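Each structure below appears as structure tokens.
Each of the next two complexes has subunit A plus one more chain, namely subunit B in the first and subunit C in the second.
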Partner chain A sequence: MKNGFAVFFAVFVALGGSWLGLVVGPTLQLGTATLDTVLNSSDTWPQQRTGEATLGLQIYRANGCAACHTEQVRQDGVQAEVSLTGLGKSKPEDFKAFVQSLFILPELEKVTNDLTAFLKDWNGELPKTFLTTDDLEAANTMADRLKAAGLKSETLIVATGADIAHGWGIRRSVAADYLYDVPVQLGSLRVGPDLAAVGVRDPLASWQLLHLYAPGAVVKNSAMPSFKFLFEVSKIGAAPSPDALNLPKEFAPPAGCEVVPKPEAKELVAYLLSLRADAPLYEAPFTPAITKP
Partner chain B sequence: MTGTKQNISAEIDASCRVPLLALFGGAALWLVAGLAFALVASLTFHNPEMFAGCPFITYGHAVAAANDLLVYGFAIPAALGVILWIFARLSHAELVLPLVPVAAANLWHLGVFIGLATILCGGSSGFTWLEFPRASAMLLGVSFVLIAISAVATFGQRKERELYPSHWFLLAALLWFPWIYSTANLFLVTTTPVRGVTQAVIGWWFANNLIFVWLALVGVGVAFYFLPKLAGRPLQSRFYALFAFWTLILFGTWCGIPQSAPVPAWLPAASAIASMLLIVPLIAIAVIAVKTVCSAKVVCKGGPFCYLKFGMAAFILSGLMLVVEACPQCSRVLELTWFGQAQTQLQILGFFAIVICGAIYEILPRVMGFELPFPKFVRLQHWCFMLGTLLLAGSLAVAGVEQGLKFYSPDAALPALRISTLGWTFFLLGSLLLAANIFVITFRWKLALAKTVIAYVKSPLETSSASASLRRDQGEVKS
Partner chain C sequence: MSEENQPSSAPSNTEPVATRSTVPMWIVVVTLVLLFLGFRYFDGHSGWFDARIYAPYTSAEQLDAYQPRSGAAAELAQGKKVFDTVCGICHGVDGMGKPGTAPPLAGSEWVIAGGIHRLTEIPLAGLNGPIKVKGQPMTFASGMVPIGAALSDADLAAVLTYIRSSWGNKAGEITADDVKTIRAALGAPSQPMTSEQLMKMPE
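On to the complex of A and B.
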């Protein structure tokens, strides 16, 4: 280790390895990513934000919202929920006997105990979820056999994990979700709740505005500071503004005044409502809920 | 013989005086300012409405300002000052191009000031540790390279060709910062950054390499210089140090991608493996520190030796926390909680700030040619920083575990977060003591300088006329 240049060269190679691996590698792999396709559909993902929401992303950045909020939902795995929706010409007893006859199949070995427990308690009501398992092969086998026997069933794919159980998202976040974000603000600390699907969770713009102006008005004991400077308190003119917030008494402005959101507040809310992550993708599948008209 | 040796050392120290003052003075001010911002941010957990009316110090602004001032305002300039002095001493040569670091230090502090103003006005880039705008980043990058040129030129003057272990660590740090900082700024802080989640990957890579690897390279390099000097026995041993250095830069630089990140799975997997392997350099560094320090018969009495010992212990702990965070079983609980912040603050304040402050207290009296104005403050600051580290890192780590076990319930972390305010307060008090010592010693030096000048002006006329005639003679020779 006498030669300064030799040390420099070796250090250069060692550090360059990390640069190639964690900067150049991901740039080559992900830097050319294009729109993803929604599962079982020709729609593309992610959807382009509206102009207002795009401006709102910059309000989110400028105020440092990412210091307290993340935009990434984690997932442990997926589960299949097989439910019986119709018996056709058979009776419940026939179904029980049919399922028991399937226990010899090697694919169903892991779920035999669950099925036995279900059959014991089931009194014939329909529709009924009779198999919940993370063994997707077993669920598929079951569905195929039921179909062949003329029984009607439905299989739902559901993402599992603590974040999803708490209603913070429907599926895990994937790289494609952030394609249009500049800058991408994943956040690293959850002082407040995750916002990856806040547009699905709290879809009302009026609620969001109220929450920004006075978090305590809608969430009890909220630890979030209010963002009052995104709003204007002004005297009510000839007619009240249609945008004025409908505040509870203790947060209301003095009599004769109203609280009107500035454009920044509206843009921020448009951005928050654009955070949805509710399309099933190949890398994050789930069965979307069918919205009834 | 010793007389001439001391004279040479005194001349080397004197050549570093002005550059080091420019770097340390600004660093001390930014440390105070950064900790004040951190305290303001922390007060939000006592009353969320405290600063809610002011658009300039939202929680997000205060946190970003605090973090950037601690790292770019304090840690890096202070580190550069210490590196310049160590290189000059190891080379047995005066600082080369001493005016370059003086100018660069002022540019650096200007860059930090512009960056701070931009963050407070809402112009942050939105990437952690890269909030400063393009103009600041340019100033910081240019200043760093200028100071590095002076350091490397001084390194080139060395008479002993064999490199000391500190050389490896500090040279690697001088190379690595411009590399990661320019990469991150060119890829992220532009109008056309890389696409999608790649931004986050590069952001994590930069954050880990700045906060863990860069601070570790400088802090450990500085400790490997001062620990043997203060303990009065050689580093134990050179071979271990070489091993620790290579394993640190091979494994440490690959850490930092969170385990559940929404990116291709090979990235978190590579980071997890690198984090597990990080135990190897951590053990090596711990063995070196313990073997060097333990049988030394030196009582530290709250002096620089204490600073360095505590700092090294904090480094090992912070490294182990990084390993725990990357372990798949633990990451499920600890991810996205305050635990990560506890590790970051332990690394910046508990390890790096303490090691660098110890080094500054060791260097300052030599460079200035004065004793410290408040020698008792050294011990007091050590206590402040130790208590601050325990309260801050301890309470944030507890907050993180609470949060992880109770699914991010805001109330679960709140009691511990309120205790962390006390930790920030202790750090702020300690930093005021450091600033007092640096600024009073600077003032005394300037006073002495002024006295010398006055004495020179008032001195008998013959001397000045003689020198005037001498100058005239030289002028004639030239013409």
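On to the complex of A and C.
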């Protein structure tokens, strides 16, 4: 064969190069990832799934959920929100005068218009977010000045982006979120919504089961197919099953029958509820909503 | 079929031959400049991999700057950290106290009092002798050392705020300025206080 070695060499380089770039490279970069730590806490992230939820991941895989759903929230930017929480001893008028006196600072030049608008509309209620900006320096300057003047404020870090505006998550997805996923099912097509934080968004197992059995019963005009085969329609025995779905009339089984989830359905729901990418991490910081203990 | 295929100039018998010539200098320069600009762009737009840096952040410095640095949640977290390492050993991380060692803090009238002076003075001065908590007289083998005197104003304020708002306690915040004022007024007592002495202090 003419040029046999050259052909072999070219194929070897092409395949070897792809293998190095697609397998070895990422493994070197992220293969050694270990548990992450939740910001301002000693909790580790992600949380280990229950056995049921781990089995559910395989049900998710077997039913091709990743063909229509993604598990990755994207983030376009980040904003700092300065919120006034206490006036100390001063009055709202003093505060307005104080803010106006800061307008000469060069750091605040870009946000002066926002602050003017805030001062015009504000009628003294607290707490009040009065500065939302992607200029962190301006936000920090503002917070420092307020502190020095004896006023109380909080600076919230807020992730922004189209996915976050959809309510699909509160921050972007990072590699650590998938540490317990084997295989990782990022998905690439969004026929349905993103599921990275579905356990936070729809935390009720009963809702999830109903949605799997009859998507139209809970979401109007849902494009999702029914996963009826994960459920059993059986005659009601001596007593109705505690797991039986509470279906609306048009989806209800014939009289005397009930719809009971098979173990697969329960596992899938356990997996869906374990998807809750809502912890603030070093690589994806945000200020969590304050939940006083 | 058209005239375009015909040689336009006078017919010649010589075959066209490719000859060697040096690359013009301007192509070399333009290529180098483009390479330089390309790499500057690559470098400036997080072209280098770091497992901790994700878009929209481009550097560790930027990411550090965006870590939430204030807020009630951050203060409570700091308070919990200090409590678990310093106070929790005797008072229990659940705030329920340990019999014979330290009284409970959960629901204790000393902790949730409207005034903050006595509560702040206990860790600053220490406490000895019997004490009544939730109506129960309690005695302990050893007293409390002025363990809070070594903490910074901010840390002591955070830990006091934490115990006042945890385990069902719902009392207000104590700020670093409050601690500073009370610490200055108290000075450095040579002996731990007793509960009778504390009761004589303003609430």
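Assume the second predicted complex is superposed on the first by the 270 of 293 C-alpha atoms of A that agree within 3 Å, B and C clash if a C-alpha of one lies under 4 Å from a C-alpha of the other, contacts with A are read in each partner's own complex, and residues count from 1 in each chain.
Here is the rule we use: a contact is a pair of C-beta atoms (placed from the backbone, for glycine too) under 8 Å apart; a residue touches a chain by one contact, two chains touch by 3 or more.
Please read these numbers as outputs of a predicted model, since none were measured by experiment.
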| item | value |
| --- | --- |
| Which of subunit B and subunit C A:L186 touches, first, second, both or neither | first |
| Subunit B versus subunit C as contact partner of A:S226, first or second or both or neither | first |
| Touched partner set for A:P127, first subunit B, second subunit C, both or neither | neither |
| First (subunit B), second (subunit C), both or neither touched by A:A143 | second |
| Partner chain(s) touched by A:P288 [first = subunit B, second = subunit C, both, neither] | second |
| First, second, both or neither for A:G51, with subunit B first and subunit C second | neither |
| First, second, both or neither for A:V174, with subunit B first and subunit C second | both |
| First (subunit B), second (subunit C), both or neither touched by A:G88 | neither |
| Most subunit A residues touched (candidates subunit B, subunit C) | B |
| First (subunit B), second (subunit C), both or neither touched by A:L30 | both |
| Shared subunit A surface residues [contacts with subunit B and with subunit C] | 29-30, 33, 172, 174-175 |
| Of all residues in subunit B, those that touch subunit A in their complex | 44-45, 48-55, 58-61, 63-64, 122-128, 155-156, 161-163, 167-168, 171-172, 175-176, 179-180, 183, 187-188, 193-202, 205, 209, 242, 246, 249-250, 253-254, 256-258, 260-264, 267, 270, 335-338, 340-341, 403, 407-408, 410-411, 413-414 |
| In the complex, subunit C residues that touch subunit A | 49, 51-57, 63, 65-74, 76-78, 81, 84, 165-167 |
| Residue ranges of subunit A touching subunit B (in the complex, touch as defined) | 1-2, 4, 7-8, 11-12, 14-15, 17-19, 21-23, 26-27, 29-33, 61-68, 70, 72, 74, 162, 166, 172-179, 181-193, 215, 221-229 |
| Contact footprint of subunit C on subunit A as seen in their complex | 29-30, 33, 39-42, 75-78, 80, 136, 143, 153-157, 172, 174-175, 280, 282-288, 290-293 |
